[in-house]
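So, here's a batch of structures to check.
Consider the two complexes below, in which subunit A is the common component and subunit B and subunit C are the respective partners.
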Partner chain A sequence: MAVCSLGFLFFCGAAVIVFHLAPGKRLRQVILACTSALFLAPLVPNLRSWIWFAAVLVGTYLALMVVRARGRGAVVAAAATLVLLFYLYLKRYRLLAEIIPFPLAMDMRLHPVELVGLSYMIFKFIHMLVDQWQGQLAPFNLWTYLNYQLSFFTITAGPIQRYNDFLRYWEEMDLQPSDTRESLLLWIRILTGMIKVGVLGTYAETVFHSANRTHVVPTLSEALLCLYAYPVYLYFNFSGYTDIVLGAGGLLGFRLPENFNRPWLARNVLDFWDRWHISLTHWIRDYVFMASYKLAATKFPGGARYWSYALLFFALFVAGVWHGTTDGFIMFGVLNGLGAAVTRAYGDVLRAVLGRQRLHVYLHSPTVRLVAIVLTLHYVCISQLFFATDVDRALAILGAAGSELLYLPSTLSSYSWQGPAIAIAIGTLLLAALWKSDVAGSIIERFVLWIGQRNGWLSAVLCLQCMFVAGMFFVDWAFQQEPPPVLYMAF
Partner chain B sequence: MAFRPRVSLQAWPRLAPTAAILAVAFLTVAMLAAVTSLLGENYRADPPFLDPFRAPTRDEAMLIYPAEYALKSTEYNDVVFLGDSTCRCSIDPAEFQQASGLSAYNLGSMGSLGLDGYRLILQLYLRNHPKPRAVVLAVTPDDFDVEIPAAFGAAPHRFRWAYGPHRGGSLRLPEDLESVEFFARRGVGVGLALWEHRLAERPFDPRGAFLDGVNKYTYLSLERRVRQSRGFWALPGKHFAIGTDAPNKPTVTVATQWDPGVKELAQIADANGIALIVRLVPIVNTVKTDYEPVRTWLNTLARNCPHLTVIRPDILFYSPALCWDYQHLNAEGVAEFSRSLGNDVVRLLSREAKSPLEKELAGPADRSRVR
Partner chain C sequence: MPPLRDVRAELQEIFRQVFDDPTIVLRDDMTAADVEGWDSVTHIDLLIAVERAMGIKFATAEMSRLKGPDQNIGSFIRLIETKLQAG
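And now, the complex of A and B:
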């Protein structure tokens, strides 16, 4: 079932009503399990996929049992490696298929297997495996494990909830008193997410595709549209999905981890990843970077700093490559890894050169902040261009933009100024808003807070939103448009 | 003991907003469906069959040209041809007139319309034109087994909605859920088009846009061309790219629409004092299909309907050299068939003038006319 659809809205509403009409904890757990199964059923296309699904769940559960019984590092490493190999096989990495003398790609084409949310299931499994080995995992059994892995609000594209958090809400089952205001806010969040995915994200995607005409050398405006429109699409699509599932989870008593925190205000690549897909970044920090850094720092204490650069590169590279199987995603990973390592190195140099007090002044300078934000924004946009297209096309777009910009002064003289004047005015306004983002942010926050404290206003907003969203889906249906897909469901 | 639901009070803050959301979403969709289906059902563009928000396809245009001619012209024709695409593409009224001396117009449309559609075209024609002397129903023998689709939105239903009898001035309601779906979709398109028309300096005219997938003709320019050739549409080149091989169905049975449909046509013709002639369009002689059920039905029909004439031999087989594909004719085939049809019609009409219309039951079909 598509998350951004009228079907999901009714599905979610029905689930909330049935769930809250049920009197006890056990019954609510059964209802939640059934809801997840109903959500999952249409997403698994064939019997072969169901069998693989069951094999993954049973296999990973058995691995957890072994680790619980034996608790050896070698078992953890073996289980994690096995699962990762299986993941790489199912992901159909083109490069691997070319290297390994085994007809991976052909086999997968002949016998397609679609395991929805496989990445996220594996993230959760490795987290449980490592935490169990370190003795930090809350008690689990097959029932809680299956529900943790398959809960409908996290299975398709996260966020990556930790097991201990899940278990806490699973045991509480929203039997604590709640207030109407909170429910209204959660529904507003769901509907906002649907508007983000269905209207804003779809529009940005349309703009990107209209500007990205393959086999044609892009003009400056097309190149710039490609550069900016795709990140906007990606943000609205994924943050919209996150809003929907966070709202749905909240209505069923599960507080899920946030995935976004104004990522376009990040002042460097590390900061960006701390604001974008936060649950994945934290997972990579805990289970890739910290684990490898601890190992490196223990074995080579003298070179720990340099190891941190290399491992940061590796961690962000992995985060990038995880997204896809083509050369564009490898480039995306390289750029992110490079950005993170350079950021850390630059920070170390600044600390050494400026000293603590001057570094503080430097970091709090509004000019430095603005420049850092604008630079990071463009670096991220460039890296996401490789995410959007293949390497050749991305380089063609960047090359065209670069050469057009070089000759800009001469071309401007023969330009009709109406369009660019509007663009410059909008750009100036955006820069001004960015410059005073704290002020703008606090005004918006105060306004939202003011409305949020009045249930009448909230209800009115919710009602309007609901009518808009229902109308949006109706128009989509009329034009026989499929519900917009969530891009991260493909990862 | 009466059932008393036990809903915990603490669940109400979750239940009430959720129920309200579901109700608002449901009511919004229901209201939109009602408004758009009413708009879709009752908004008629010119021509009514076309959607006012998109360019028509070539098939849509070809489907309605005969109806538009029947509706908007008043000229006299001695003979009109009704039928499917094989009628439209295989009978040239100019050749026919040369052979017979009778003025004619080809009202051939598309097989997907079915007999209901042909009947509507004839009724429109009779309402707006002087009565012709004869109506020739010309269809391919190979498509008698095709059932007309029941779903609303399919060509015959949409055609009936566009050109069939309707209550002028009163608001029409969609008949069933299926048509609600169709008209709601149409209504959304119409609504958006009307909104854009309000804003645009030059509203979108589906007749002025290039046909969908055809960058050579607009609806209007193609209509002019079709009118110039009196409804006849010559297929390009000698043969279709895939050749003249027939699909070779084992047998062609007669679908349920044909018997009552042709009888109804015969009644209309009889009521207006017009001769109704059935002439099947030639098919390629390499075909291996068994047409016996069609022949049997034609014989029974001719016996039961005194005002209907079936031209014999009932099925003509032409050599591939005269065929564009297995059921449409090329220029040479068109000339041959149109002239022979002209002669047949003249013979029948002159006989009719002398005595009541006779049946031409000339024994079993043969391939004697194969060139």
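And now, the complex of A and C:
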């Protein structure tokens, strides 16, 4: 079931009504389990996928049981390695499939096995494995494990909720339903997400595809549209999905971790990843970077700084290549890893050269902040161009934009005045908005808070959104269009 | 009976060394946002220094939790005291 669809809206509404009418914790838990099963069923395409799905769940649960019984690091390492190899193979990382000499009958590239949410299940499993080994995991059994892994608001594309947080809400299911104001806010969030995915994201994607005509050398305007439209699409598509599932989870009593925090205001690559797909970044920070850097810094304290650069590169590279198997994703990972390592090294150099007090002045300078935000924004847009296309096409787009920009002053007279004037006006407005982003953000936040405290206004907003979303679905139906997919469900 | 440790004073000294800032004075309500340069890398440096100085070990989930938005110096000190008492 597509999350940005009328079907999901009715599904959510029915689940919330049945859930809140049910008395007691146990019954509500059963209802949530049934809701997740109903959501999952159409997403598993065939019997072979069901078998593999069951094998993954049973296998990972048994590994957790062994770690709970024995508590040995070797078991943790073996289980994590096996699961990762299985994941790499199933996700069709060609390199691995060519190296490991599996018989043809076992080669999963030849079978239509599709495991929805496999990445997210593995993130959750490794977190449970490590935390269980270190004595930090809350009690679990097969029932809580299955519900944690398969809960419908996190299985397809996250956010990656931690088990202890899940269990806290799971055990609090007999609490009174949320008040009217909170329910209105959660429904508004779901509909906002649908508008983001269905209208804003879809429009940005259309702009990107119309500008990205393959086998044609792009003009400057097409190259710039490709550069900016794809990140806009990605943001609205994924943050819209996140709004929908956070709203749906909230209506059933689960507060899920946020995934976005104004990522376009990041002032470096590390800051960007702390604001974009936050639950994934924090997972990688905890279970890849922290674990490896702590080991390296303890064993080699003299070279800790250099280890931090290398491991930051590795962590962000992993975050990049997790998205896909093609050369474009590898380049995306390399650029993000490089950006993170250089950010860290630049910070160390600044600290050494400027000293503490001058560094403080530097970091709080509005001009420095503006320049840093604009540079980061463009670096991220360039890296996401490799995400959107392949290396050759991305280089062609960047090359075309670069050469046209170089010769722009001499060719300016051949352009009509409208294009550059509009571009300069939009650029100036965006820069002004960035310059005063704190003030603008604070005004918007105060306005949203003001509306959020008045149920009448909230109801009015919700009614307007309902009409807009109904119109959106009517257009989809009239033109026989499929609901827009959430890109991150493919990862 | 071993003398009681002044965890706050010890932690403050570690903070000053790790962040290279002799003016840091710890308060319970301070968070990572109040200490300039407290990012993911210095967070680990800080925890390694605390582990060495106080003879304790932090689990991955604890290291992560200490970076959370609802955590502050007060909760950091309480975690260290709990670990010291547990031996």
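What we mean here is this: the second predicted complex is superposed on the first by the 474 of 491 C-alpha atoms of A that agree within 3 Å, B and C clash if a C-alpha of one lies under 4 Å from a C-alpha of the other, contacts with A are read in each partner's own complex, and residues count from 1 in each chain.
The rule is simple: a residue touches a chain if its C-beta (ideal position, glycine included) is under 8 Å from a C-beta of that chain, and two chains touch if they have at least 3 such contacts.
As the structure is a prediction and not an experimental result, all values here were calculated from the model.
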| item | value |
| --- | --- |
| Superposed partners subunit B and subunit C on subunit A - clash or fit | fit |
| Which of subunit B and subunit C A:294 touches, first, second, both or neither | second |
| Partner chain(s) touched by A:146 [first = subunit B, second = subunit C, both, neither] | neither |
| Touching partner for A:43 - first (subunit B), second (subunit C), both, neither | neither |
| Subunit B versus subunit C as contact partner of A:360, first or second or both or neither | second |
| Vertex subunit A angle, Cα centres of subunit C and subunit B, expressed to the nearest 10 degrees | 170 |
| Touching partner for A:131 - first (subunit B), second (subunit C), both, neither | second |
| Partner chain(s) touched by A:13 [first = subunit B, second = subunit C, both, neither] | first |
| Partner chain(s) touched by A:475 [first = subunit B, second = subunit C, both, neither] | first |
| Partner chain(s) touched by A:312 [first = subunit B, second = subunit C, both, neither] | second |
| Closest approach of subunit C to subunit B (Cα atoms, Å) | 27 |
| Shared contact residues on subunit A - subunit B and subunit C | none |
| Contacting residues of subunit A [partner subunit B, same complex] | 6, 9-10, 13-14, 16-17, 20-21, 23, 174-180, 182-184, 187, 251, 459, 462-463, 466-467, 469-471, 473-475, 477-480 |
| Footprint of subunit C on subunit A - complex, ascending | 130-131, 134-137, 162, 164, 270, 282, 285-287, 289-291, 293-294, 297-298, 304, 308, 312, 344, 347, 351, 356, 359-360, 363 |
| For the subunit B and subunit A complex, residues of the former touching the latter | 5-8, 10-22, 24-26, 28-29, 32-33, 36, 184-185, 187-189 |
| Residues on subunit C engaged by subunit A in the complex (per definition of touch) | 20-21, 36-37, 39-41, 43-45, 47-48, 59-64, 67 |
